[in-house]
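Common to both upcoming complexes is chain A, partnered first by chain B, then by chain C.
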Partner chain A sequence: MADLVRLTIDGKPVEAPAGTLVIEAARCIGVEIPAFCYYPGLSLQAACRMCLVEVERAPKLLASCTLPVAENMVVRTDTPAVKQARRSMIEFLLTNHPLDCPVCDKGGECELQDMVFRYGAGESRFSEVKQHVEEKRFSPIVFFDAPRCVLCYRCVRICNEGLGVRALGIVNRGVASEIGPNRGDRLECDECGACIDICPVGALTSGIYRYQTRPWEMQHVGTICTFCANGCKTTLGVRNHRIIRGNNRDRSGINGEFLCIKGRYAFDFVHSEERLQTPLLRVNGELQPVSWSRALAAVAEKFTEVKARGGKFGVIGSNHTTNEENYFLQKFARQALGTGNIDHQRTGDVATLLGCTRSLATVADLYSTKAALVVGSDLAQQHPLYAFQLRANWRHHQARVYTVTEGPVREDQYSAGRARVQRGEELAGVERLREQLKAEPELVILFGDAIQGEAVRKLVAFGDSLGIPVKYVCLLDYSNSRGAADMGLTPEPGGGLTLPEMLAAWDLDVLWVVGANPLKNGELAADGAFVVVQDLFLTETARRADVVLPAASAYEKSGTVTSATGEVQALRAALKVMGAKPDLEIFGLIAREMGIDLGVAMPEAVFEEIRQTVRGYNVPLPVIAAGGAAQALAPEAPVAAAGRADLAESARNTLFTSGTLGRYSKALNSVEEAPGGLYR
Partner chain B sequence: MTFSPELETRLETLMRSCPPGREASALIPMLLYAQDETGALTSEVVEEVARRLGITPLQADEVISYYSMLRRRPAGRHHLQICTNVSCMLRGGQELYGHACKRLGIRNHEVTADGEFSLEEAECLGACSWAPAMLVNYDYHQDMTPEKLDRLIDSLEKKH
Partner chain C sequence: MLYNQPSPLEVKVLTRRFGLPDSQSLDTYLATEGFQGFRRALEMKPEEIIGEVMASNLRGRGGAGFPAGMKWSFVPRASSKPKYIVVNGDEGEPGTCKDRLLIENDPHQLIEGMLIAALAVGAAAGYIYIRGEYRRLIEIMDRAIAEAYRKGYLGENILGSGLRFDVYTHSGAGSYECGEESALLESLEGRRGVPRIRPPFPAVAGAFQCPTVLNNVETLCAVPAILRDGGAAFAALGTPKNGGTRLFCLSGHINKPGVYELPMGFNLLRMIDEVGGGVWKGKKLKAVIPGGSSCPILKASECDLAMDFDTVAKARSMLGSGGVVVLDEDTSIVSLATRVMRFYQHESCGWCVPCREGTTWLRKLLERFHAGHGTLADIDLMGDLARNMLGRTFCPLGDAAAMPMISYVEKFRGEFEEYLNRTPGGPLGRVTIDG
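Presenting the complex of A and B:
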């Protein structure tokens, strides 16, 4: 650790490593120095002058947000001069501020309000008419009200530095200064909303949330984003069983303040008019609404009958359902239905990876590793949190990032080396970087679905041959793709049918599909098969079903999910949607209807069973229960890769697409960037 | 977008005079020289300069919209900037500016129909000791009076 520097702040002695900023040193001893523009993790701006302090022997007040501690420095934050400076700064900030707090989205959680309350001038000496500028709509997501802006540059910096999108700037000068979007009068960007959430005031607001509610009228439920496999925590603001916003303003969870458009705004699929809210049963060739008891009875009767005559089942699980549900489903299939025909839509070959190494990287590793190699993925599009982590690592620790991709990616802005390859030639591209990679002290390799089966083994062999510590991440598409593989939603080795084999089996008697849409691009060969579908929407697969059971989304249930990097995190139910039930509850009801005992179908009980039986999942409960992330460990003994490994195929989602859920999010489809594309 | 060989050389020299990785520091002079040649910083020019420096057009625009000497739209062949800041105001700068408006029939940031003259109400030109001061393109004119201004405009009109 660096040498400690001794100084005093408000008479209290402080020791801090050299280079620490006075504003941070003060925070450590409980002295709060007000700040607008200072934001940990972003470049220093020193634009707002709220953080002025008195330093002995300095002729003027100094900005503590850019002032490093020095030996024997004597800092005072409580003198009349400092207080007067704060009052003046606020008086200036309010010169043209509309003070429309009663209708402003930020009212109640606004940093300017808090500052005025704590430090502010109660009255203003300005009697001039305030300059007013009309609000601007930069995009369906981002709105800007210039008069409320305090010109702190936080939005500009998070977009430039955090995301690398560089879509915002401050144009004009003096009183006319305002935020300008990159396309003149509109934005073309990631539409992530990071700028909105980081804005200390109500200058940037979102088209999704603006003028919907007062913040104190909501319940704030921290849960895990149900879109991609990166496992971001999102805090849903809920009122009367409606989700009104998503954010991570408290910077908790593995993602800190990061969320992409999906985690922040795409929750609206939950309230789609097309949600299924009653079971459907095929009567005389038509799907008709029926009661739960009638639908369940039909399923149970068919399952029991087919099982009794030794018929053929196929079970397809989901990339979005919880670990508990996935575990229970495969147990249901294996124990109660006696079938090994279990699978899910595999989006990456994590099974082979787990089979050949125990050296797995966590999401935290992406921020701390000295070097990383991205193979076959447009990370900023497909895995936005991982891209954010790597970029932050480069910004803060000069990490060297290498890419092997089929086209341009955003990491090119700063990458230390790259190889452009045809799809399928990734390993050759990796080989081209060998000399550079060998010189690194350590490496994390992230790879997409281009690397599967034998290629995974070759990639790991390549890693081994570098002679440095290497960790791996197998990139997967959806919120619980990893959990689906870990919980055993994979064909029974030696005979179990894979997903395509199930669809192709002309003699299949029952196909049970939970939260998946295999018939979107596939066809079911068995005309006579009895199809049971659990889903939120009447998907292509559900249309072919004999029984459709309306399922609850991840935002309506509890349980755990596992990110691609192995963080096991808890979902928290934010609301109830009438008529829909969590899949686990549905499994329990079917089991009861069939008169079989598979144990209690409750998340806590099933999770306990997972901890006891699933390798790598003996994770500490309190961590998860407290909203933290526990790390699923690599299994001690290699797991036999299940099924044919070459079946993994990523849906190649962009920032603005995400399978079925993405189709039903109006927010996601409203932006002009949608559907977007990879490698451009 | 192509520039004249002279301008190209100038831009090259400017960029090379910056430490590696800090080429963006050359932005302001590059914009100014480009503007001198092209008359205005059209989107095309801005995009070209930004591309060479590895910044976004918006980042260039932040600078352009900040500095009054950088212009997105063309000025007249003779661009008059008349200072009305404190020193000049005390010595008749306001009246001088008013006179120019009347004589040319245009207001702040406007251009005469023939494209010969444009007018700008300027902040302190750093010539307070000789207030009121004004600029025609890059040339200073000091201790101005409405009469001197008339003679100046007459002489400029004769020039073509």
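Presenting the complex of A and C:
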């Protein structure tokens, strides 16, 4: 614990650890000091001069954002001189500002508006001609309107420091200074939009959101991003059942304000014209739109018939559906259909990990651990939040990050040690770092699909042999990949067919695919199999189906999902898409049609059952209900390994791809970086 | 090369070799007591060298007048990082043109000054940051450095002492702000010339975040004489706390403009009349800018003063960088203010709000006023805006723009008011300073 320093701010005594900045100390006692350029977590600028305060015995006003507290310091933020300074600073700022608030996206949630309201003068003495520059399009995502810019350099810093992308800089000098993109006239970057959201004014706006609404006309629904397994909270702005934007400005959730392009902008798949909105039934060899009742009847009839004659079912679940849906689906399969042939597209071998250790890291651990080791993953591309956390940990706490990868990764910018290996040689690479890792006080190991089956056990044995506390993260691809594994969407060893085995089984009678597209790269051997598909889109698999049931996306339903770090979080429905139903509701309807009782098919009821029966999932309800994250505990007894633990294969998505959903997001496919996929 | 006839009143210490044949060569330098100060320093302990510089009362010639010896003493003795000597040869302050002559006529004096500083603080290398427009000077300096290397005055084992010291030149980035010490360091490291947050000061974390002595060219050029003849002798040339001589750059409406080396504390009126041959064309003196355009203006009646840092500060101006700009009775202060503000607006780096926006507003306001479209309220506004900048900007450039502006309005308010009474757009006061 650092030494405490005592000082007074506006007459109130404050104690703060040595090194605390006066602006922070003031905030702690409820004294707000206005600031544009100061931003917690980013480097100091002292550029906007909004935060000037009076300090006893100082000859002039001082910038409180760069002033560390000192013993017996007497700070005043409420004197006429300070107020006058703020007023004049705002007057200066507004001289070249266009004041086009009525048409500015930021209007209503603009920090400059708030500052003028609180600290500014009612009128301006400026009567000269304003500096004007035309708006620029940096990319389909990022637009820049220079006159609105207050040059706080937040955007430059979040990109440089936060993400390590370094795509924004400052061009020109003096009053002509502008924010400029790295390719001169355009951006090549993560297109994550962090710069846009951090901008206090409407200088950076997004091509996705601009000029569509006033902020107060939207409903703001905090839910969990449905793309990768990192579990970011995204707050969707919804108007008339349309999602208009995603952001996380309230910094709640495990990701704080971080989001990648998918969490911020790729929600538009929801509104794709290609969304299925009515059930399809194969009639005379053609898929034809039919009513829900007709489609459900066809499914129920077939299921009942095949069950009755002891036929062969294959059930494939999803990486995106909720825990409740996954749980209900496997219950449906095992209890009602009496089959153990259940699996999902596995993207990492978390089951083996849970079988050999209880030491699992959270997203918060990534920010606090003294050291981390990344094995076989291009973190910045595939696990953006985790990459962001590790970088922040390095920036703020000098954490040491080690990498064992095939090729160059962004973490190399700062990594403390690295081993380049051929695919398959990852464990040897890890071994090469042994001496360095042994000297660390603690370690978090993040590993991708390169490590599975026996290799997971070896990796954990390696961790044990270091003699330091080690925690693990098994990197998985999608928003509920972890939940799919935890809920039992895998065959028990010897107790059922795996996904490839189902596809290969020539005698399969029914294939039931929920939110997955196994036929994109695979082939179904059983020509005569009756195929039922629940999906948002007419995927390759759906085209082969006999019945297609239009499903709701994660943004249209409630329930819980589990991130790769095992953190369970609640979804909140942001809108309704006509015709589509949540998969859980569909399961319930099929069960009813079949006349079987699997319990109430409602998220709350099923979650309660999960808490009672799924090992590790007895998580505190209030935390989840309040929008928090609770880590599912590693089960006390080792879980039974899934059949063929070595089947996992990551899709190696980049920042701009994400399975089926990614294909239907226009935003994701609009950026120049997308096609190559090799942008780093 | 010399641009003006020397004055008999000059006391030639730093400029003693000016005009000698081949004054840039090491041979000439050595033949005229060159490197004697350094040889003495080689026999001394670092503290003794610093003590000698302190005793000389040498104050920084870059503008702020900070005691050089004290600055050197702030450099930590023990340091795991290398230390550097950085020479500020950006010479950007309007009215100032002395560093140029020092490099042009006597480059080895600067090298010797750097070597002595290096001994004093234990530096391994030095950088001479030279204003980009001074292309020719960079070449002169590079030639001198090469010669010094060849003859064993730079590089390894200098004069058999075991000392190693390397010197590099670096071209300025074309911005006044790059003369500000921390912006200079950024620029030297290859980034935009934007100032740094201080503390830490360069003595602790300067070039490449290593301990650094950063001095003006002239400051370091005074050091060889101080070590050669002793600090006390140098101090005795000037006034108390203002040791030695300095190069005054006389310009403006004066008969004999030029750079003259005079003792600190030389009377300003005598400087104009006896050294500079008086105001030109028999005109009367109106005002003087005593130390470069950043310094508040002195009315003629305020000019009977000793030109040392403290006396000029007492007169609420600054001795600055030695650029003495003489203004005759016909000078329009409105024109002057407009021209000066145009400079600062052009040179504001843009980092902080009050300077970036303040100088721009003031420039536009003054240009409008100057064009004959001013109002009475504008005059108050000028002073007000300058005061809103003063002491609130990130670096002293904002002050450098604000201080003279405040002085123009305070001291010549009547002239601004009178200006308003002219026919709008009609004939203006003679624009005596233009560009």
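Some notes on this structure:
Here is the rule we go by: the second predicted complex is superposed on the first by the 675 of 680 C-alpha atoms of A that agree within 3 Å, B and C clash if a C-alpha of one lies under 4 Å from a C-alpha of the other, contacts with A are read in each partner's own complex, and residues count from 1 in each chain.
Following the convention adopted for this analysis, a contact is a pair of C-beta atoms (placed from the backbone, for glycine too) under 8 Å apart; a residue touches a chain by one contact, two chains touch by 3 or more.
Every value quoted in this text rests on a predicted model; they were computed, and no experiment measured them.
With chain A as the common reference, the superposed partners chain B and chain C clash. In the superposition on chain A, A:N182 makes contact with chain B only, while chain C stays out of contact range. Chain A is touched at more residues by one of its partners, and among chain B and chain C that partner is C.
Of the two partner chains placed by the overlay, neither chain B nor chain C lies in contact with A:A626. Residue contacts after overlaying the shared chain place A:M578 against neither chain B nor chain C.
Contact with chain B, but none with chain C, is seen for A:R166 once the two complexes are overlaid on the shared chain. Contact with chain C, but none with chain B, is seen for A:A46 once the two complexes are overlaid on the shared chain.
Of the two partner chains, neither chain B nor chain C is touched by A:A308.
The clash between chain C and chain B in the overlaid arrangement falls on one stretch of those listed (61-69, 169-177, 223-231 or 421-429), that is 169-177. Common to the chain B-facing and chain C-facing surfaces of chain A are residues 170, 172-173. Taken together, the chain C residues at the contact with chain A in this complex read 175, 192, 197, 345-354, 356-361, 364-365, 368, 381, 388, 391-394.
Partner chain C is touched in their complex by these residues of chain A: 44-50, 52, 59-61, 63, 66, 85, 88-89, 91-93, 95-96, 125-126, 128-129, 131, 150-151, 170, 172-177. Against chain A, in their complex, chain B makes its touches with residues 56-59, 61-62, 65-67.
Of all residues in chain A, only 166-173, 180-182 touch chain B in the complex they form.
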